[in-house]
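Paired with chain B in one complex and with chain C in the other, chain A is shared by the two complexes that follow.
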Partner chain A sequence: MKQTQALNLQQKTIKALGVNTSDAKVSLSYLSVAFLTLLIGGILGLVQGLERAGLMELPPWINYYQVLTAHGILLLLVFSTTFTIGYQYANLSHALGGLLPKVRKFAWTGFILMVIGVVLAVTMVVLNEASVLYTFYPPLAAHPVFYIGLVFVVLGIFACCIGVFINYRHWRKNHPGQTTPLLAFFAMGVFVLWFFASIGVTVEVLTLIPWSMGIVETTNVMVGRTLFWWFGHSLVNIWYLVATSAWYVIVPKIIGGRHFNEKLIRLVVILLVILNIPGGFHHQIIDPGISESIKFLHVFMSLSIAVPSLMTAFAMFAVLERAGRRKGGKGLLGWIGKLPWGDVRFLAPMIAMIAFIPGGAGGIVNTSNQMNQVIHNTLWVVGHFHVTVGMSVVMTFFGICYWLIPYLAKRKLTPQMNRLGVIQTIIWTVGMILMAGSQHLAGLLGDPRRTSYTTYGDHPTALSWVPYEYVMGIGATLLLLGVIIQVYAVINMMFFAPKGKTAFPVSEPEDGAPSAPMWTERWGLWVVLLLMVVAMAYVVPIVDMIVNAPPGSPPIRTW
Partner chain B sequence: MKQFLYGLVLYLFLLLPPVAALLESIMIIHMHMQMPLLILSGFLMARLIQLKFPDFFRKWNSNGVPGIMLFSIILVYWMIPRTMDEALTIEASELFKFISLPFLAGVPLRDSWKKISSAGKNSVFIIFIILFSLMGWLYIAADEQICNNYLRVDQITLGWGYVTMAVCMAIYVIQLIFGDHSEYK
Partner chain C sequence: MHRLEEMWIAISTGILIIFMVVVGYQTFALGMGPPSNKETIDPQKVDQTEPFDEPGISKIGDNEYEVVMTLQAFGFTPNNIEVPAGAKVNFIMTSKDVTHGFQIAGTNINAMVMPGHIQKISHTFDKPGEYLVLCNEYCGTGHQLMSTTITVK
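The block that comes next holds the complex of A and B.
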């Protein structure tokens, strides 16, 4: 009761004062970088799609692999990271009643470090010194400056993590006996996972710097790959956790419903944080240096993520159904029609959630040893992550923009902008279905990923891929159109929309719902469990990779 | 009763010869998975035993110290490299492993943990952190096979398993000491 009163008081204060301008600046800066990156990355995506389909030839001063590397780094690393930080810091500021001044300093430090890092890394890609693809693991070697840029990016992430931990701890100290607001709990989960996920890639990059400089002659490729995927797969789930924060907490408010049982939501966050990192091994199912038994063990470790994912799926359907029925939806499926499909703040994340069904199913294919052999390194994988990231995550991010940016910029979402958002969502959905769908199919026929346009001397099998690649090109064109509309909408909502107040849509629990148990706040314990799971997963293969290592690899430049 | 059944099912599962053979075929899994799972099975089964024989536990383990001592002795015994070898080659030793870990380590741990003071708990953690670190060092640094049944690479792996677990325990203790945990109860 006391807790609810305190929360209500806090909500009222925030409502009266509106957004904290200094905090809004932090978030808006991150979001601006995110959408600038989206525009550049999107253009590169179309160029790459058209080149891959043989519909366009790149000028001689730029090659396919440069474009591919830049597209991946800008969208998968920079866009997702900057959006996540901007959004999560806004959540934190809202949920905890403002950021502490020193936390803002951490956020700005992170921002500057990341901008420096991205500029360094991307410059090397543009100079054709780092066509190592977004996964940048050895034996492909980039210019040392590229890796130094990545170190800056990781340091920026660490700065943002520390900021969140400080703010969270400060709130907990000043609110004894209270559980933190849900959005702050999600932020803590996101940044705890990010912190420990980044340790893997930090170790990797620090070993690659002397190697790329020639100070060390060789590097252990298997260890490098393993450390990359320690980070890489966790990053995927960091985005997913960010998206679920909107699904669980924001979407119910937008549809006029209430959020699901808080204990379950918190359990999902805790499970995603603890179980996540070892999932990276399923990216290495075909790697020869890992024994079959370890791969077998890791199938379970990867699939364990399906448990919180399915919990989310069931919980969200329950929330949607309850809201629909409350609005008068009758019969078995009548509630579906009662949902606000014309509201982009609901439509975009809803399609994102639906996309997670095929996305998750595709993920299970990738994780399964035998099925992975069919699709490994084919366009299927590209299709898979365009469905999961490009739809489930990015469409949620887009949906978030339509309330978050007006809220931060103290403006209003106009009906015109909402309509534009709905059109953008439709264009994006169709584009993604065409592109990712054809990539899945072409992949099943053996079309390789990460390969420039080729017909393999007009081999009939390779020619059978061409129609799918055309469809991919059409999809990519629609997607760039979607990017342009989205960036326009973001700029409009940031600078040109009419001034006004936009609410921060945080849903409330059902009447009489039990309060969240305090044990969920035991982050020290969750971190120890996370580390134990990591130790269980990594000690055996990494010792094996080092003790029984083949001769290391010198730096290799294929371009 | 439910917990007892879970513990019993786990115990019976671990007793199955193919399961035991599989778990014992890899050194780190033998020591860091099979043995802790045996302790866990005893820990789960302990609830019913506590309820059935309350006088026994009251008489012999009133403050939890005897129980935690017994737990520690059994655990330390099974950390000796030679005992692992014996479990694989001498049947009586294997039998002793399957009896001692659940019933002489798991059960007393359950009964003692709530009875001992927080200083006692911290002492247990610190002793095992030191012990795990030393064992880790031994297994990593030994340049000879210290178990006849396992290769040196298995030995090094186990050593790193010890070190990582010691680190995890250390972090746990640090956050216990420096955090305020009164509100979680």
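The block that comes next holds the complex of A and C.
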């Protein structure tokens, strides 16, 4: 009870003062970079989709794999990272009553480091010195500057992590005996996971720099690949955790409901943080050099992430149903009609949540041993992450824009802008269903991913994939239209929408709900458990890969 | 926690356990595990190392064949293999340069072939036809050209 009072008091102060202008600047800068990147990455996405389907030929000064590398880096790494930081820092500022000046400095340092890093890496891609795709598997060797750029990006991420940890600790010290507000708890989960996930790729990149410069002759390709997926798969789960923060805390407020039992929400965050990192191993299910029993262990570890996700599904349906019934929804399904489908702030994250049902199911296919063999490296996988990242995560991000940006820019969401948002959401949904749907089907028939247009000498099997690739091209066209509308909406809400005050929609607990247990705040313990899980998953295979390593590979350039 | 929540968590965990039992049975009892060979080789001396010094196809049993294959940007050696219908084919592969993927469209053959590692995978070709073999891991500018066929007569 005391806790809710304190929370209310805090919310009142924020309401009176409005958004903290210096904090808003941090978030708006990150969001601007995010949507600039989305525009460029989106255009590259369409170019790629049309080339892949044989509907367009690229000019001789650029090749498909350059476009693919840039598309992957810009959207999967830069767009999602910068959006996440902008959004999470806004949450933190709102939930904890403002960022500390020191923390803002960390955020700005991170911003500068990331911009430098991205410029370096992307320049190398444009110069065709780094057509290694965003996974940069050695022994494909990019220009050393590409890897140095990635180091800057990771340092920027670390700076933002440290900023969050400092602000969190500061608040906890000044509020003894209180649990942190939910949004701050989510931010802590996101950045703790991010910090430990980034260690894998940092080690990899630091070993690749001297190798690509010729100082070290060879590299261990297996270890590089493993360290990449330590980071790579955790990263997509970080985006997912960011999206769930909006599902649990923001969506209930928008639909006029209350959030779910806080203890369960916190448990889900803790489980996702602890269990996540070993999930990366399922990207290596058909690799040589890892025994079947180790792979089996990792199937289990990857699948265990499904448990907190199923808990989320339960909680969200409960929240939606309660809100719908409170508004007078009758019968078994009457509550569905009572939800605010015309409100883009609800519609976009709602479709995102629905998309996670096939997305999660597809993920289970990818994770499981022998089924992975059917779809590994086919277009199925591309379809899968366009449903999970492109729908579940990105549509949640889009939905967030329609209240977050007006809030930060001290403007209002107009009914016209809301209508445009609804149209954008529909276009995006149709585009994704067409594109990702046809990718799933083509993949089942064997169509490989990461391959430019080819019919393999008009082989009948390859020709049978072409119709699906056309549908993919149509989907990609709709998606670029969606990107353009979204970027327009963001610019409008940042600079041109009518001035006014927009509320930060944070939901409250149900009346009489028990307060969150204090033990959930024991981050030291969660980190120890995370490290134990990582040790269980990685020590044996990595030691094996190093001790029983073949002679290493020299840098190779095949483009 | 609410009673329904508890039931839901119990069912979720239960499904996970049943799933693991099924996957484990298929992997270890039925031998359907993914390709996971652990032998290694010097990736810079593939041509001088047995058996890859003589890549090719050889008959090792009653309608059973062994294919020793190297993958390099952007091709398979040997290519355009022919086997009789019903033949069991054991592929032994390694890469001479970067990471490649070995996939035969229309079958469950799918394996990563990496420099320094020897990968093995087997398949019985029951249905006659011309199967498309392709590289499914990006390996450079000519990646889309890296393919061959296996003809089953």
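Heads up, the rule we're going with is that the second predicted complex is superposed on the first by the 559 of 559 C-alpha atoms of A that agree within 3 Å, B and C clash if a C-alpha of one lies under 4 Å from a C-alpha of the other, contacts with A are read in each partner's own complex, and residues count from 1 in each chain.
Convention: contacts are C-beta pairs under 8 Å (C-beta built on N, C-alpha and C of every residue); 3 or more make two chains touch, one makes a residue touch a chain.
Keep in mind that this is a model prediction, so the values were computed, not measured.
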| item | value |
| --- | --- |
| Chain C versus chain B on the shared chain A, clash or fit after superposition | fit |
| First, second, both or neither for A:T558, with chain B first and chain C second | second |
| Partner chain(s) touched by A:V540 [first = chain B, second = chain C, both, neither] | first |
| Partner chain in contact with A:I43 - chain B first, chain C second, else both or neither | neither |
| Touching partner for A:N548 - first (chain B), second (chain C), both, neither | both |
| After the two structures are overlaid on chain A, angle v-u-w for chain B, chain A, chain C in degrees (C-alpha centres, nearest 10) | 70 |
| Chain B versus chain C as contact partner of A:E521, first or second or both or neither | first |
| Chain C versus chain B, contacts on chain A by residue | C |
| Nearest Cα pair across chain B and chain C, whole Å | 13 |
| Residues of chain A at both interfaces, chain B in one complex, chain C in the other | 548 |
| In the complex, chain B residues that touch chain A | 26, 28, 153, 156-157, 160-161, 164-165, 167-168, 171-172, 175-176, 179-181, 183-184 |
| Chain C contact footprint on chain A (complex, rising order) | 63-65, 68, 131, 133, 137, 139-140, 221-222, 225, 261, 263-264, 284-292, 295-296, 299-300, 303-304, 306-307, 310-311, 314, 368-370, 372-374, 376-378, 445-446, 448-454, 456-457, 459, 461-462, 548-554, 556-559 |
| Touching residues on chain C, where the partner in the complex is chain A | 1-2, 4-5, 8-9, 12-13, 16, 19-20, 23-24, 26-28, 32-38, 40-44, 73-74, 97-99, 101, 103, 105-106, 108, 110-119, 130-132, 134-145, 147, 149 |
| Residues of chain A that touch chain B when the two form their complex | 176-177, 293, 518-519, 521-522, 524-525, 527-528, 531-532, 535, 539-540, 543-544, 547-548 |
